[in-house]
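As structure tokens, here come the structures.
In the two complexes that follow, subunit A is the common piece, with subunit B as its partner first and subunit C second.
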Partner chain A sequence: MKYAYYPGCASQTITKEYDSTTKKVCKILGIELLEMTDANCCGAGLITDYNYELSITLNARIFAIAEKMGLDIMTICSTCLMIMSRANKELKEFPKLLKKVNKTLEKAGLHYSGNVKVTHFLWTLSQDYGLDKLKAMVKKPLKDMKIAPYYGCHILRPSNALGFDDPEKPVSLERLIETLGGDAMPNEGKTRCCGFQIVLVTQETAVDMIGNRLKEAKDAGGKCMVSPCPLCHINLDSYQREAEKKTHQKFEMPVFHLSQIVGLALGMSIDELELGRHLVSPENAITTVVGD
Partner chain B sequence: MTVKGCEPFLQAYDIDVNNGDTILDALHKIKDVQDGTLSFRRSCRSAICGSCAVNINGAPKLACKTQILPEFEKHGRLTIEPLSNFPVIKDLVVDFDSFWEKVHKIEPYLTPKESSAKTKDKDGFWIIKKQDALKIDDVSNCIFCGSCYSACNTMAVDNQFIGPAALAKVWRFAGDVREGNNKKRLAKVSEDHGIWSCSRCVECTQVCPKDVKPLIAIEDTRAKAIKAGIKDNAGVRHVESMVDSVKRTGLLDEATMTVKTLGFMRSLGIIPLGLKMEFHGKMPLPNLFKSIKGIEEVKKIYEEVEKKGSRVKAGTHPKDGWGS
Partner chain C sequence: MQIKLGKENLHSEFVKLIERISGEELANCYQCGNCTGGCPVSYAMDFGPREIIRLLQLGQEDVVKKANSMWLCVGCLQCYCRCPKGVSAAKILEALRQITLRKGEDHEAIKEVPFPFLKNAPQQAIVCGFRKFVS
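Entry: the complex of A and B
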């Protein structure tokens, strides 16, 4: 199993620990990742707001690089996943668009034929690797860990471009948590928005969204959350104190990256999981697994 | 159920269901036979009037377009509730007043500019090219059912937000080649609680029963507002810092983006958060020197697309006839 690995910009800076722990987990599982070190940013939708053609051509450059590598793309960021999937769907569906984009790409010495698939680490684990195989690799089951799954938006919607989980009733995170031996705590906010895209624009609105998501996870009995998206992680973890201040509540809700709960169950140490990089310490949430 | 003077509660009804029955059929059966007080809106029964949108197992849908059995099989239950983000009047009937106020606020009518010889046919009527009509085709299909407004994440915490339905309607006119009032129209929706408050959660576009794609309309409107030079807001600074960063380095430079979007003074306000992040090794540093190896390819793409500038207008999508 081998992928062109696209970590996304956030996991090369703020959430580096998501990138490095994904690499460690994949090494243990035997999933080979060839990092696309030369790939550009997907634009996160912001370039679409500026110029649609620029956005789709920049995404086509990413696909052209993967196509040259002869591999499908695996990302760990839901927003990269959604932006790339939307662009890829349009390029595959509209031959005239692909031709036009290629005209520009060729000026930069590139070409995309439309043969690359884009997937997310969660989907890779759930489908390509398989949960049975993953279960057999578990060394330290996440016993008594009450984990609130948090999907957020871009791994679910728009489903016509993504199509892995049903956006009305997603199950992949719950199944993964159960495979790892943890307790999945379903909560009504799991498919709602963390507000990342507006946290620098209308921070008040975003912080309200963050507060609601943390409250819903907590009310459902979650002692921690898991997110497949580094951007949701930034909001839910780094802005948690702001949400507490604004809503006059105490959450103390550690948020794990997807790779970290998998790594924990595979027996990786706290140091290897780089939990110290979180603003809300996850140490209390894992005592049932690693002891005090 | 909502009864005056009571806390809202859920009421269970048992009914026999036939294959193919819709949620609206069920509501009618209940009202006819079991509970004449049950209140809901409905009219056309063919997914065109937009009256009967309700939350079905948590997602806004048209009662007349949704069959009972597939819903029940998927969720193992059937919970029908009034739309979210609207005040409830009674049972499934919600108050659309603020929804309509917002639609009216965007001036939902054409203010045509003078047609020129180039745009007129021999009888003096505007000639609309197919690709121009296609640009506003999706948004013309809106039936004002309120599903997007109900699902909207920004609306849930900011009730002044103008909302996806009204914003899709903005593009209906801003994207019309005949519109002559765009500068004012775009300036108005660039204000607070307008286009830049959308958090891109994609709920509107996911739940729309008529495939209006409000998010794409919002993206198109944003691009058009930037092109029209309406740039004095954090939303545009956010976009422009991304566009610049990718052009310069190929990647997103989070630190520069923060300072550019917030402006220098407001950036000072997030220094405490920055310090906390720095303590955990998370503080992003400006990418002054680092860029991807293939940055020249990225610059070439920018150069080519920007060169075409006038040919590829804001709001250009495959639906404009690039495809087919």
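Entry: the complex of A and C
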């Protein structure tokens, strides 16, 4: 199993541990990740409204590089996934657009014929790799670990471009947690937004939203959370203390990256999982259940 | 709230522009309110997404422009996902932001953002924040 690997900007800077642990986990599982050394930014929706064609062309350039490598793309960022899936859908649906975009790509010696698939690490594990195969690889089941799944937005919506999981009642994270031997604690906030987009404009509302997501996870009995999106992780982890101050309650809710809970069940150590980079220490959530 | 309705409101250039930028037809909305029900920030908005669409259907440009709703939309697409008519309120709010920002009317003054906040905020938040709130 081989993919062109596209970590996205957040996982190369602020959440480096998500990128490095994904590589380690995939090495153990036998999923080969080839770096796309010359890939560009997906645009993250920041230029879509400014110059639609440019945003599609930028994405087509990424697909063209993957096509040259003869591989499908795997990303670990939900926003990259959504932006790329949407662009890919339009390129496949509108041959005229594809033709126009290819004219621009030609200047760089690239061509996209529309045959690349974009997938997320969670989808890869759930579908392409398979949960049965993953179960056979588990060395240290996450016994009694009460994990609240948190999907966020862009791995689910807009479902007409993504379509892997149900946008309202997704189950892939729960199934993955159970495969790893943990207790999945479904909570009503699992598909609601963490407020990442409005941290700057109104930190107060954003912190409110973060507090709500943490509270929903805690009320459902979760002792920690897992998120497939690096941006949700930034928000839930780094603004947790602010949310505690504002709502006058203690959450102590460590948030794991998807790769970290998989790595934990595969028997990787706390150092290997780089858990020290989190602001809310996840170590208590682990040692109390798994032992060492 | 009392509003004045006239032909000039219902078929205003402003409403046409919103429809053109967003690609949404405002008349498609039949006001079921699923969007506002699902919206994670509607509680903090002056008008929820359903009300914004209704006000636009009635051509209430000034009311909509003054409301904080467009700045609070997080683009989570819950509204679009739940809409039985396939209308994306998120796109309509995005169109409103575009119209305002393209006129050079910033919502955030970069100079007024405290430096310690900028230093500590995640860089991705800064990039998407300034894209969204500054022209």
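Basically, the second predicted complex is superposed on the first by the 287 of 292 C-alpha atoms of A that agree within 3 Å, B and C clash if a C-alpha of one lies under 4 Å from a C-alpha of the other, contacts with A are read in each partner's own complex, and residues count from 1 in each chain.
Here is the rule we use: a residue touches a chain if its C-beta (ideal position, glycine included) is under 8 Å from a C-beta of that chain, and two chains touch if they have at least 3 such contacts.
Every value quoted in this text rests on a predicted model; they were computed, and no experiment measured them.
S.K.: Do subunit B and subunit C fit side by side on subunit A after the overlay, or clash?
M.R.: clash
S.K.: Tell me which touches more residues of subunit A here: subunit C or subunit B.
M.R.: Looking at subunit B versus subunit C, the one contacting more residues of subunit A is B.
S.K.: In the overlay, answer first, second, both or neither for which of subunit B and subunit C A:231 touches.
M.R.: After superposition on chain A, A:231 lies in contact with subunit C alone.
S.K.: Quick one: classify A:193 as touching subunit B (first), subunit C (second), both or neither.
M.R.: In the superposed model, A:193 contacts both subunit B and subunit C.
S.K.: Just checking: does A:97 make contact with subunit B only, subunit C only, both, or neither of them? Give me first, second, both or neither.
M.R.: After superposition on chain A, A:97 lies in contact with subunit B alone.
S.K.: A:209 contacts which: subunit B (first), subunit C (second), both, neither?
M.R.: Both subunit B and subunit C are touched by A:209.
S.K.: Have a look at where A:37 lands relative to subunit B and subunit C in the superposition and call it first, second, both or neither.
M.R.: first
S.K.: A:153 contacts which: subunit B (first), subunit C (second), both, neither?
M.R.: Both partners, subunit B and subunit C.
S.K.: Touching A:52, do we find subunit B (first), subunit C (second), both, or neither?
M.R.: first
S.K.: Identify the partner contact of A:269: answer first if only subunit B is touched, second if only subunit C is, both if each is, neither if none is.
M.R.: neither
S.K.: Show which residues of subunit A both subunit B and subunit C reach, each in its own complex.
M.R.: In subunit A, residues 9-10, 13-14, 44-46, 49, 153-154, 156-159, 167-168, 192-193, 195-198, 200-202, 205, 208-209, 212, 238 are touched by subunit B and also by subunit C.
S.K.: Which subunit B residues qualify as touching subunit A in the complex?
M.R.: Against subunit A, subunit B makes touches at 57-59, 74-75, 153-154, 156-158, 161, 192, 196-203, 205-206, 219-220, 222-223, 226, 234-235, 238-240, 242-243, 245-246, 250-252, 254, 257-258, 261-262, 273, 276-277, 280-282, 284-285, 292-294, 296-298, 300-302, 304-306, 308, 312, 314-318, 322-324.
S.K.: How about subunit A: which of its residues touch subunit C in the complex?
M.R.: For this pair, the touching residues of subunit A are 9-10, 13-14, 44-46, 49, 153-154, 156-159, 167-168, 191-193, 195-203, 205, 208-209, 212, 231, 234, 238.
S.K.: Quick one: which bits of subunit C touch subunit A in the complex? Just the residue numbers, please.
M.R.: Where subunit C meets subunit A, its residues are 21, 40-41, 44, 71-78, 80-82, 94, 98, 107-108, 113, 117, 121-133.
S.K.: Note which residues of subunit A are touching subunit B in the complex, please.
M.R.: 9-10, 12-16, 37-41, 43-54, 57-58, 61, 65, 82, 90, 93-97, 100, 104-105, 107-110, 153-154, 156-159, 166-169, 188, 192-193, 195-198, 200-202, 205-206, 208-209, 212, 238-239, 241-242, 276-279
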